[in-house]
């Protein structure tokens, strides 16, 4: 096992054709959740990945596990719960000036009722090299937050590298609580992945720019944020993704990583956006892949950014890219029809 | 206002083409719930109807209200709740020997948090003639059960005729609790609508036949059940629907009513089943219509049965029939293409 | 050219999944119309067929011609009209006790404005052997009725065998007008195709049974009707199709022909009904094929009935059967999966 | 009642996925029409709205009324017609260099047969504050034009503010007739809403630029057009919408209003276009909302423009935006995923 | 590992809504193939299953493996081939009198090029208890036939129980070749699964009834066929499935097994047929499950028949049933909606 | 007959909504192939066109012929093959930075087995004016290459103008073989159509730019390539299409032709790309149309480019444009909604 991740995955319901939820007469049904998305994206690059969670023993819980397994992710250590519910989320895909939006219906889900002791972390981490989770998991409930602590401690104890995507979700908790819960977690984290905006909102790091300012990005100020975070929490590495949103259907996408005293920039990609949900998770997966397989932070940020750019081009939370496709993007592929 | 109903309506998600939930890559999205279904079906026959409920102030709650309004139902007295969730249910349509089945995801819904005092019953019942609710509403939560009592008392006080569909749902509560909660409610009820099976399970009335025995029906024993219920609870009328299930796609459907010392049988219809969910509610609507408009229990059971037979033939919980179509069925219409 | 037909074809809009029109959020789009259906079904058996009509020179008119051409029908003699509209019809597929139904939106269509002289019948019939039209064409408008007379006269003059499907449509005209307009046409007709019901309604021939009686059929009384029609109008042959409608999804289907002093019965088929619209037209096509290619009325009624039975099993107005498939049905094929 | 509108709504059939009509094997079914679109969009912002029209009493007519009601619009004063047809229109969504296009099939529709006296304007306007109609209504037929006069006179008499969207449709009438019919109407109009192009074509006001010139807009010349119109017809206000079409999928969109001797510009929005049909109507609705609720023409043009920008992002004629969403756009919202 | 199967799986393309292939504008995409179907159906009952095959290393090959993995089947020992093609098959779902049919496009598929030595049977069978293949595998090509021999020999050598479904496919080979190739294989087989028809066609065993005779079945004659096969090839057990086809949408389905000198009949089920492809494979899976887990041939044939009956009710080749659902059917479940 | 083309057409399967093949649960089914695409596009402009090929006599082969006929193309001279397979291809539509891609499953198709003598060229070319084929046809197989020679020789002998689209497909053959096979063919060709990239790869003509360089184009260097090709092979004309790919969804598109010692540039179009497959073929069709009907190479390249620009805007291989629409684009049409 190369990589273990822990968190919630949900049934995702998306109205087709840019419809609003109120209009919908059908939903496309996919499955997604930050940490499962990472496990899937990494698996598709060739890493062995395992996803830990708690699912209801009903058709929706099984659907979630099936779809993970379809992508090659090991779900054998998922905890199954009788009579509980699966998290569900509804995604509206936008068009400028209407942003995409998400309606969560994940309260009371099976994993929100997880408690320390549910998962045998020692067994789960046996032989593994890397552990990844995100700021969504402790946001789910108090007991989920406690279980996240348990997981992080166990991972460090088992000698794994630990990455943590800050992933602030204002619909799950507020900034104050996010900070109070997560600051103590940071001591167990080796690699922090975040956006500048989340770093500012949660940890008060970085410039005071407002949300509307993020239509263009200033890579230099971002590097400062990364350095500041690294210093404050003593991370081995900090990665920051950089998105420009001139439109909903067209973004630019890049990232940087600060590690070992060095700053590595990935190229900036123009992306046509089919579905950007899960793009950050694909970045994490590429970063982990590059670090684990190439032992090189520069490659890591390049793999992360290219994989993430590709994720924008497919519907659903999951990356569909192969390693070969990622490397083609890194090497500057043509946009002509391949035939 | 002719008819007021009270209860939960949910977003209903149905995999197309007889798929199981686990297989689904899309869901058809409709809206339904027993008491709203009654309001819709009655509205389509020409009655003015109002539906009372509690909905979350989010796109799903609005979708539910919109779809009720689309059918002409008055939703102006619905209570709106911030930050809560809408009930959802998943329906799998079966084929022999696989029965259709329902997965409820309605726990913690906005209406389950309703409390007495939420709805201004006096205003809601002003000028109305009939009130209808069902055994699903008190099954939702303790506070919903208390609010149901409040509604029934207020309806009687306002001089409305009260009908109550027993609608036992084993996935919401067990028989013992269903009996304990509902026996005290019966004193406020004028018209009880039930199946023989529900009457037996909840009130211990009728034969001891097992579920599998219901592939054929014995109308005479059903009449005895109706009479026994009437006697025990002093109902003005008891209606029992009779379904034979030789197959999932083909049923026979009939009903009887015992009232004013008389027994009225409806004809038995062969129905080809597109979607039988909501058929019982259409029966209630037809029964109410017949009683209110014709003041005749025989007509009532005929309207109820014919409308219900038609409901089986359309997808979704809602009746789509017009009064003219119901009367065509009662009068023995041809099955040739009308052109 | 073997067979020429003349009449209207429309864009047909069908809500999927047994929805009522009011519910529909999408329509399946096909093309159909009695006489085009005959041309298509006959073409698929191997006859050269040409369809005559008048279509608007807009995308809908072109769609109708394209779909005819897709099936191999010659549309080179269709008259094109600027600025007019295409006929449209909406089809609701039913389930017992709800019959399938059709909503016509064909008034003011391009062909309803056809006038004698529009079509060069002499050229159109050049080299042809058979002409077919139906009672729908003269029902479209006065000028269409006049043009039908012109067509029939020209066809007889050109030496073609003329078949005429009575096809009474109560939504287009009433029985009295249907009779007044069509009785004078019958002198030009060699082969009349009808149901017992249409013969009774239009020509007052046959028993006085009501529509509801047609759930079972009595072949003997049908033969009498055929003989009476033949005698009254001096037809070379009369074919009557026999449908039993115990359900909407399951019918029995047969036919008989009276010709040359003999009565020929086709076998009775159990048909599972996907879409019965166009089944009568497929019968006509099979009858024409059998008569033209085998010169045998017994074969004709067998081909007609088998082809028509197959038509019930596919969506849309058009037959999709090949000659080989028809002959398999005649020879008693298995219902096992062919693999 | 805040706002009353009068005009035709149709069943709209749209091939999915940028297909041409000829290619379509299915149509998406929505409902739309300029004045109903205004009533819907205004209702969603919180105004009470009523729509007046004439509909056929068949499933399509009912579908139109249902969809209006779904959005909360009062349809109780619609006139119902037996045996007539509903207007239908087909919409092809384009991509550069292919413009979107519309095929009307609305001739002979129920409302084209409306005559003065059909609608009880006094009752319809009772308690209302604003009346809106557009240049489409008088274009439908002579009798519809006469009924429009009747409506405008009645509205002024009842003391309503009257807005009129010039909405020139070259597929319904030519410029000469549009001018002859509409010039006399203008004396009843308080607020004119138009594009520069329509003003020029119908009233000969403004520059002589050709259609192709509208890929970029010159706001100053537009203001002159507005002022000229105001002067000529003595309008209280003139609003002009400004669209740049560098592509079909990407436009800029803005507007201005001249009123009370002042000129108010709205911001210019970059819009990604899912479906621009109905965007002008959403502008009218926002303008009416802003004027009625804020009594401020600057706010009016801002609400109109922002609501209209949002309309571009959803399929179908109807606005789906809430007041909160409009205000978010006005206040400069982010394009990041809201979660 | 409990069960290992070996054979081809294909991408299956099915036109929706009973369309013929020629009509199709879209295909539903599933995956299936006899031996994979067995592995899936058995896995869903709780057995550990592995599927052996050869797939092209392209998106279609990966899709096939993904879908197997989604169902929990181990695909780690599949052989991957560069630059080859995946087998594809097109399925037309019928309606009486049109049988369902299959168009194979599997020639030249990756597995047809498999050669002995490709698969490491020793490793594949390590720790396994049962091996299953069918008469389709040797029909694919000469080298596939040789590899089948290799597999059977290896399985016996590894001590596995071997089951073999005769599965004659007339579209792949003729009866003479089927007999010549398969007779020598039978010595390695413990359990033969077949229909009476296939036994007669391939091995000349049983009555001389024609295909059309199979609309009703005579269980007694079937038992004789089973006994004759057992005697001739010295099988431990022979199972024969019995289908009656009065219609395409409604069949009866049963089976018997002869083993240990005893004859065990399963009940006869009425099945409503959504999709019968794969039903025979579900039977094999249930039979294997019952034999392996209960060590009882009577239970085996009961599990096989009930699981198979359930398979008829879902679209696609794969069983979707759980063990609990199978046992409900065996115990005589109701056809009422479960709620 | 104006134009005859020769080559393969395939069933094209496209996952909807930018899905990858692996994700697909449905495929859109269209038909396409370079030379058929040319015949269709030219037919829609008004030319009489005939397509020559070899198809399997099964539902897929018939589907291909039907769809050609639907567009008005004459398929009467197609050779039909028993028991062979139809070519199939899978198309993934991309989004930057993921290029669209094609998975061919066309090996062993019926036309790959074509041999000289299969088609009666003399009859096929009788009365025709132009012959078109492309570099795909000789790439299919050795015998297809030989038959291509036969066709070219026969076309020249019959006095037709011959155009040849180089259409290099790296998934069918490599550059060396493409050159070896095609250089000898060029002596029969009057008009070569190519991209600069294909000319360089196959004939080594032009600059040494890499694939990635083609995001911008330099028209001047292209003209040099055209002149060099013309000189080397003595073509009457060489046309080169110029595409810039700044994105997948947005391209610029232009072309030039060198003929009669002159260089003609078409305008450069901004195109929003729904589906660019077949755009090159539409260019060929427009070029042929312009040359045949206007006898003017400048018009030819203008028609070709405008028709091709329009092709980008519709799904499927086939052009859907009419002559009127092409001329509107040439004359600089507006992008406003046409209504």
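Order as written gives the chain letters A, B, C, D, E and F; numbering starts at 1 within each chain.
The criterion applied here is as follows: a residue touches a chain if its C-beta (ideal position, glycine included) is under 8 Å from a C-beta of that chain, and two chains touch if they have at least 3 such contacts.
Being a predicted model, the structure only gives us computed values, none of them experimental.
Peer 1: Since chain B and chain E are copies that touch, just let me know if over half of their interface numbering is common to both, same, or not, different.
Peer 2: Different: when the shared numbers are divided by all numbers used, the fraction is under half.
Peer 1: Of all chains present, which has the mean Cα position farthest from that of chain C?
Peer 2: Of all chains, A has its centre farthest from that of chain C.
Peer 1: With centres defined by CA atoms only, which chain is the most remote from chain B?
Peer 2: Comparing chain centres, F lies farthest from chain B.
Peer 1: Just curious, how far off is chain F from chain D if you go by their C-alpha centres, in Å?
Peer 2: Centres of chain D and chain F (C-alpha means) sit 44 Å apart.
Peer 1: Take the average of all CA coordinates in chain B, do the same for chain F, and state the distance between these two points in whole angstrom.
Peer 2: 61
Peer 1: Quick check on chain D: which residues sit in contact with 2+ other chains?
Peer 2: Only 20, 22, 25, 28, 66, 249 qualify.
Peer 1: Residue numbers of chain A touching chain E in their complex, please.
Peer 2: Touch residues, chain A against chain E: 66-67, 69-72.
Peer 1: Applying the document's contact rule, which stretches of chain D touch chain C when the two form their complex?
Peer 2: Touching chain C: residues 13, 20-22, 24-30, 58-60, 62-63, 66, 85-86, 88, 90, 92, 103, 105, 107-108 of chain D.
Peer 1: Quick check on the complex: what are the chain E residues that touch chain C?
Peer 2: Listed in rising order, the residues are 17-20, 22-23, 94-102, 104, 169-171, 197, 211-212, 214-215, 243, 245-249, 276-277.
Peer 1: Given the complex with chain D, which residues does chain F contribute to the contact?
Peer 2: 16, 28, 249-250, 269-274, 306, 309-310, 312-316, 320-321, 325, 329, 332-339
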